[in-house]
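Chains here go by letter, A, B, C, D, E, F, G and H, matching the order in which they are written, and residues are numbered from 1 within each.
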Amino acid sequence: DFAKIDHHRQLRTGFPEVIWSQGKTPEQIIQIMNAMRSQGTPLIMTTRLESDIAEIVSLGVPDLRYYPLAKIGAIGKIEQKYQGKISILTAGTADLPVAQEAAITAELCGFEVERLWDVGVAGIHRLLNHRHIIDNADVLIVVAGMEGALPSVVAGMAPCPVIAVPTSIGYGTSFGGVAPLLTMLNSCATGMGVVNIDNGFGAAMLAGQILRL
Amino acid sequence: DFAKIDHHRQLRTGFPEVIWSQGKTPEQIIQIMNAMRSQGTPLIMTTRLESDIAEIVSLGVPDLRYYPLAKIGAIGKIEQKYQGKISILTAGTADLPVAQEAAITAELCGFEVERLWDVGVAGIHRLLNHRHIIDNADVLIVVAGMEGALPSVVAGMAPCPVIAVPTSIGYGTSFGGVAPLLTMLNSCATGMGVVNIDNGFGAAMLAGQILRL
Amino acid sequence: DFAKIDHHRQLRTGFPEVIWSQGKTPEQIIQIMNAMRSQGTPLIMTTRLESDIAEIVSLGVPDLRYYPLAKIGAIGKIEQKYQGKISILTAGTADLPVAQEAAITAELCGFEVERLWDVGVAGIHRLLNHRHIIDNADVLIVVAGMEGALPSVVAGMAPCPVIAVPTSIGYGTSFGGVAPLLTMLNSCATGMGVVNIDNGFGAAMLAGQILRL
Amino acid sequence: DFAKIDHHRQLRTGFPEVIWSQGKTPEQIIQIMNAMRSQGTPLIMTTRLESDIAEIVSLGVPDLRYYPLAKIGAIGKIEQKYQGKISILTAGTADLPVAQEAAITAELCGFEVERLWDVGVAGIHRLLNHRHIIDNADVLIVVAGMEGALPSVVAGMAPCPVIAVPTSIGYGTSFGGVAPLLTMLNSCATGMGVVNIDNGFGAAMLAGQILRL
Amino acid sequence: DFAKIDHHRQLRTGFPEVIWSQGKTPEQIIQIMNAMRSQGTPLIMTTRLESDIAEIVSLGVPDLRYYPLAKIGAIGKIEQKYQGKISILTAGTADLPVAQEAAITAELCGFEVERLWDVGVAGIHRLLNHRHIIDNADVLIVVAGMEGALPSVVAGMAPCPVIAVPTSIGYGTSFGGVAPLLTMLNSCATGMGVVNIDNGFGAAMLAGQILRL
Amino acid sequence: DFAKIDHHRQLRTGFPEVIWSQGKTPEQIIQIMNAMRSQGTPLIMTTRLESDIAEIVSLGVPDLRYYPLAKIGAIGKIEQKYQGKISILTAGTADLPVAQEAAITAELCGFEVERLWDVGVAGIHRLLNHRHIIDNADVLIVVAGMEGALPSVVAGMAPCPVIAVPTSIGYGTSFGGVAPLLTMLNSCATGMGVVNIDNGFGAAMLAGQILRL
Amino acid sequence: DFAKIDHHRQLRTGFPEVIWSQGKTPEQIIQIMNAMRSQGTPLIMTTRLESDIAEIVSLGVPDLRYYPLAKIGAIGKIEQKYQGKISILTAGTADLPVAQEAAITAELCGFEVERLWDVGVAGIHRLLNHRHIIDNADVLIVVAGMEGALPSVVAGMAPCPVIAVPTSIGYGTSFGGVAPLLTMLNSCATGMGVVNIDNGFGAAMLAGQILRL
Amino acid sequence: DFAKIDHHRQLRTGFPEVIWSQGKTPEQIIQIMNAMRSQGTPLIMTTRLESDIAEIVSLGVPDLRYYPLAKIGAIGKIEQKYQGKISILTAGTADLPVAQEAAITAELCGFEVERLWDVGVAGIHRLLNHRHIIDNADVLIVVAGMEGALPSVVAGMAPCPVIAVPTSIGYGTSFGGVAPLLTMLNSCATGMGVVNIDNGFGAAMLAGQILRL
């Protein structure tokens, strides 16, 4: 009663509802997962699941797989295979957790994922050395904290849509990710859409919608 | 010398560079347009062109077409035809200038456009009455000011990517479009990417990249 | 001496003063509760009472009832029965603590409460399926975090006043509830009043004033 | 086609849709008014109508009544009479335009209005001298700019709901009305709901919903 | 060497330098205190001293007196007696720590202090019942969190300077004290000066300067 | 009726009510001035009076004196003479209008004023060359825009209260005076109170209250 | 008397005081210029001088040279020649006014200037094509609006200090230059210092100090 | 693979890449350090390394030197000696950690460092007593929290570039260092560049670039 699971979402939008763990008790998560399972949902997935909560949830959901870097818990997988791949880039090493949230989400939803980490603009040759990845991409997710300049440079080179993900990595005037968010919203390069700070999950879902077309 | 036109952009990204009129003199705009014309650029387009500036530019660019609501000036058109269409929705009548900037940009770039105006959430039946437009969309651009709630509702129903465009329409705590921008970035519906406030042009370019796939 | 209890408030405004626990020591809370009891206050209630503080307060106030989800402590109840009921909706499961603060407050003050949880706009059919609740409401409290779009949709359908409560549920650009607050203040639907972020208590008090008319 | 008028709104919510003039051309306003008239809407009303636009609209809508201080244009009136009255207070003289927007809206919708201007807290005796107005109110609209403290004091005395309206009157750190808005949202008095900065219209509509109960 | 104590400050400004504990190690505090003692400073005082740090400092400064509510540590006292008294008011019980920081500072500097707690505007009669305190004040310090309206009401009644101190008491849109700060800066009452959020110490020092005249 | 003049204010607080011109019509200003005159108010003063409005007001108030730099209009003067003087400093030449608003207000209220312009911290010797002014001050008003550092330096040297007035002079990150306001609120020098941005009037009123003691 | 010209500044810091025109009357500017001339100041320069004010100033200062794009007025020039040059880059054509303020300031102060306009990151090859300019620079001023990513890329390549200048060019979430300012402050490239939004003058003065070493 | 170390950075910009510890696991830091060592990088340095992480890193990097106040870990040192020295000033004792981050970075990079602590503007004579340090500086780093006024005063006296570093030391409206940041960006003194809040490392790198010229 505390949750009205949206069992039709996969029919309407192509992907099932995903459980956002923040603000839920382990008991609530277990009950929602089991309710979805009994409806035959192929992929039951929860995001932002801290490892200590994951352990408690596992007691009620023994087949739960847990991805610690991405903080995702999952049962099942979408078996359908889509054309094209999702290429995910990060500016720095510290952006990995967000990038992995995107990558695991995409893989669980049935997409092929290509990863390229730590190619931020302070050493632009690192990106130029991997130009073929951009040239051959179908859809790009570009994850960056601090000044968040990487998506602009990539979108200026890419022949495909770019999804920009600001991260909360930084300090001082990064304001928990506001600095890279503004950078991305004000990009003078085109073909870019922005998602919320640290929202790797949302970036993967948008990329998935694009490739499903 | 004051401008280094990016003549390769169409090759790299599929669409030619577009001239942003703000902060440029009419003389600069004329010179850039003529330089692009002499390179054979098929579509030469300038955005945010106020009508009084457009008149001066017309003196140096006699075949300039001017779209007053969208504040776009253009020469030529991209003749290639793409599969699929771009469906554009607005929450209110006052959001039309931004929506038209998206629509004209898309049409000039060779895309088919479908328009649905004034279906904001204060009378949700207006949207539900046009459900078939959402169900059959290939890519959606949803334009909204004030509280900007329309893209969330649409993305919860749509089987395709949604591009959300906040507008500066509103007053008081709308803060020139910050309120709808935050609404869109925090959406609990998935499959949505956000562009800058009033950036109808950017929304069309992202939609174009998606349909070019 | 550290507190001047407002013993006339019930006379003036219909409801007794309520103790806000934050920033008070357990000893102060106990003393205030006992002072109010000795004045014959029918309902002595304290909000935002953490469970560990509640335990200490219980030592000095043995008949204290504690509501853990709502973080309310109470002695007594207002016996008067009012006409009409207060209908409380939430957008998500994570908004429950705020909604329960409103619900318990309302019930302790003598009102009938109707609850409808997790009917956010990402799956709008969930709300439409419960349309009769809106159609038959006397006063509505609508609680939502993240983008906070639910009150707008509800106010566009409701024949009665809507009290909108933004919650701090969300992350990144939700800015601790600022995003849904702005959504609610900028609503293009009418008949809505807004209270502070997470202020379920205040929403109930306003609903109570409305039904007392 | 540029507007989907919500002809059912009066049925659903008790009051017809109202036209927001900002961002609309005079021609659009005329067309919408005439379309509503042909549907038999009893009160056709437009807010935030500047006097120069009102003159142009009058050419196409000869029976338009214009209220310059409130910036409202109207045809017709709701004839139904409701029980109770709406009492409107301002802190200063400069808050009058917002207070009048509320007062005229309420009167056009069929409500009796009581006005009390310039009783701000810098001279608290002015308010105390009119205590009977507060004691006998059914619903109060309290309009204040600058520090916006008046609603708190009133809500602490009133036996009925208080609707607080912050205004953009002030300078420096008033930030166009943000200062009084925050004051009102953080009030330690209860029974208060807040609307957007300068939103006299919205305050009247909420007061109307409350009295319709 | 890590500190250049300002031994002349008492000569220049009437009061000795005071040690701000935040960001200093206990060892640094001990060394500064002992250096000041060896210069014969009559009052050696440190603010924002957490109780655990105070205990360590006591090991090196055995005659340290610690005031836990005010978080002040002190050696000695200014013996000079000034004319007039400093009257300190709070809006709520939760504002006590800040008010006590002001009160203890003032008393250590040689001033007489009068205290009036919990007379906030939600029950304005509590203030009016103590009107004689305002009427007979020499200088007033008014401490308030949440909406911070008390100083405006007091300054409208007082025949003397009012020092307004916003506190971080509140939640949601109080933004750690920004809401009451803005209230105080935008006051339409005159004769008021504002200090930083939670800065009881600074308020006392300003009051002291005023009474020293 | 649109204004409830606070005729007792001089009795309560020592100074009569002053008319804030912003948001008032010339007719309203004339009526209020004449009403105050008929009550025998010795000084009738209005601030923020633009020169074009002043001319219209003069038609109804022929003996109005207008001070264009300070934007003050006045009739009469407070004849009482107070002990001590008010010393007013500015950081730059561009801060003069605000400083003059303070100076004229103070002189009209009966105080002696000493002026020292353009002694900002970028050339600190300019201030040090006038050290005697600080050393002999009774109360100081220090006006500064841009980074607003002057009050901190002055308060570190002064044997009396310092009233800090931030101005909106600056550009970019000065944010209309927010930068100097924050500088002043965070001063590590003591004995300072802050007023609203550009509020020369309020600074003078506070200085007046201090000298009246 | 309204201005205390800092005649020693050139001695102390190497460059004379410069007159900031904003907030000064033409008469004040004329008087300050003439006072500086009578002291033998070699370069008398004023910034942010609008063309209509410049014309009035010319009446009192007939040998004033006016640079309209840079909005600088000047008499004389610093004849000393310094080693090294100042290289100035812009991201777009619209950033020219700010870049020219820097360039003209630098040239008037005796420095050689190299200009490279419109090499923003949306077409990164434009920058890479001019790599030799970066490789051979002594000090770089990089001017950018919108997302302001250019300085990060340049600082990652440059063997010398980079001065980053955010401009107010942009719209929506650029917030008048805040977006590029944050980008520059959060840069993960090193060797960069930032100045105020649109402060081309300040960038040139810092570059000058660096080359004077 | 999670890190693409920029081994050419020293060649391009004069200094090797530095490892930012935040958001990295100890294992990642160890691997990056060892990879850099195997490339022969002369100085391998990591910033913002908490002491507990440093201990774990030491297990894999036994010759790691740890500087606890500066939170820097390092192997090796740049042996080249540069002309000139870097003079570092702080306003208060609490700014030491940031100043030490700058000092240690500079020394590890081969520069001579001069330190002057606790000379903030509240006791300006402390700075004036050390005037020779400013007069003889080659490049100055000025570190200040709270109101951050020190760099303005220093830049008005100094014959060399000033690098201003705002710190997060303060409370209330210091907003984690935003107040001193704004002070520094709006300085009316010239020859100053600003870095991110608490970015002592970045200040040293900029100073290094300046002295390398």
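Just so it is clear, a residue touches a chain if its C-beta (ideal position, glycine included) is under 8 Å from a C-beta of that chain, and two chains touch if they have at least 3 such contacts.
Given the structure is predicted, the values throughout are model-derived calculations rather than measurements.
Each step here moves to a touching chain, and the least such steps from chain E to chain H number 1. Common neighbours of chain B and chain G, by the contact definition above: A. Of all chains, the one whose mean C-alpha position sits at the greatest distance from that of chain C is G.
Averaging Cα coordinates per chain places chain D and chain F 35 Å apart.
Taking each chain's centre as the mean of its C-alpha atoms, chain E lies 45 Å from chain G. If each chain is reduced to the centroid of its CA atoms, chain C and chain H end up 49 Å from each other.
Residue positions 9, 20, 92, 122-123, 155-157, 172-173, 178, 181, 185-186, 188, 190, 196-197 of chain G each touch two or more of the other chains. All chain pairs that count as touching, in label order, are A-B, A-C, A-G, A-H, B-C, B-D, B-G, C-D, C-E, D-E, D-F, E-F, E-H, F-G, F-H, G-H.
Chain contact summary for the complex, chain H toward chain F: residues 91-92, 120-124, 146-149, 152-153, 155-157, 170, 172-175, 178-180, 182-190. Residues of chain D that touch chain B in their complex: 1-4, 6, 8-9, 17, 20, 22-24, 28, 32, 48, 166, 168, 176-178, 181, 196-199. Against chain E, the residues of chain H that register as touching in their complex are 92-96, 117-119, 122-123, 125-126, 169, 171-174. Residues of chain E touching chain F in their complex: 9, 12-15, 18, 20, 84, 138-139, 155-163, 181, 185-186, 188, 190-196, 201-202, 205-206, 208-213.
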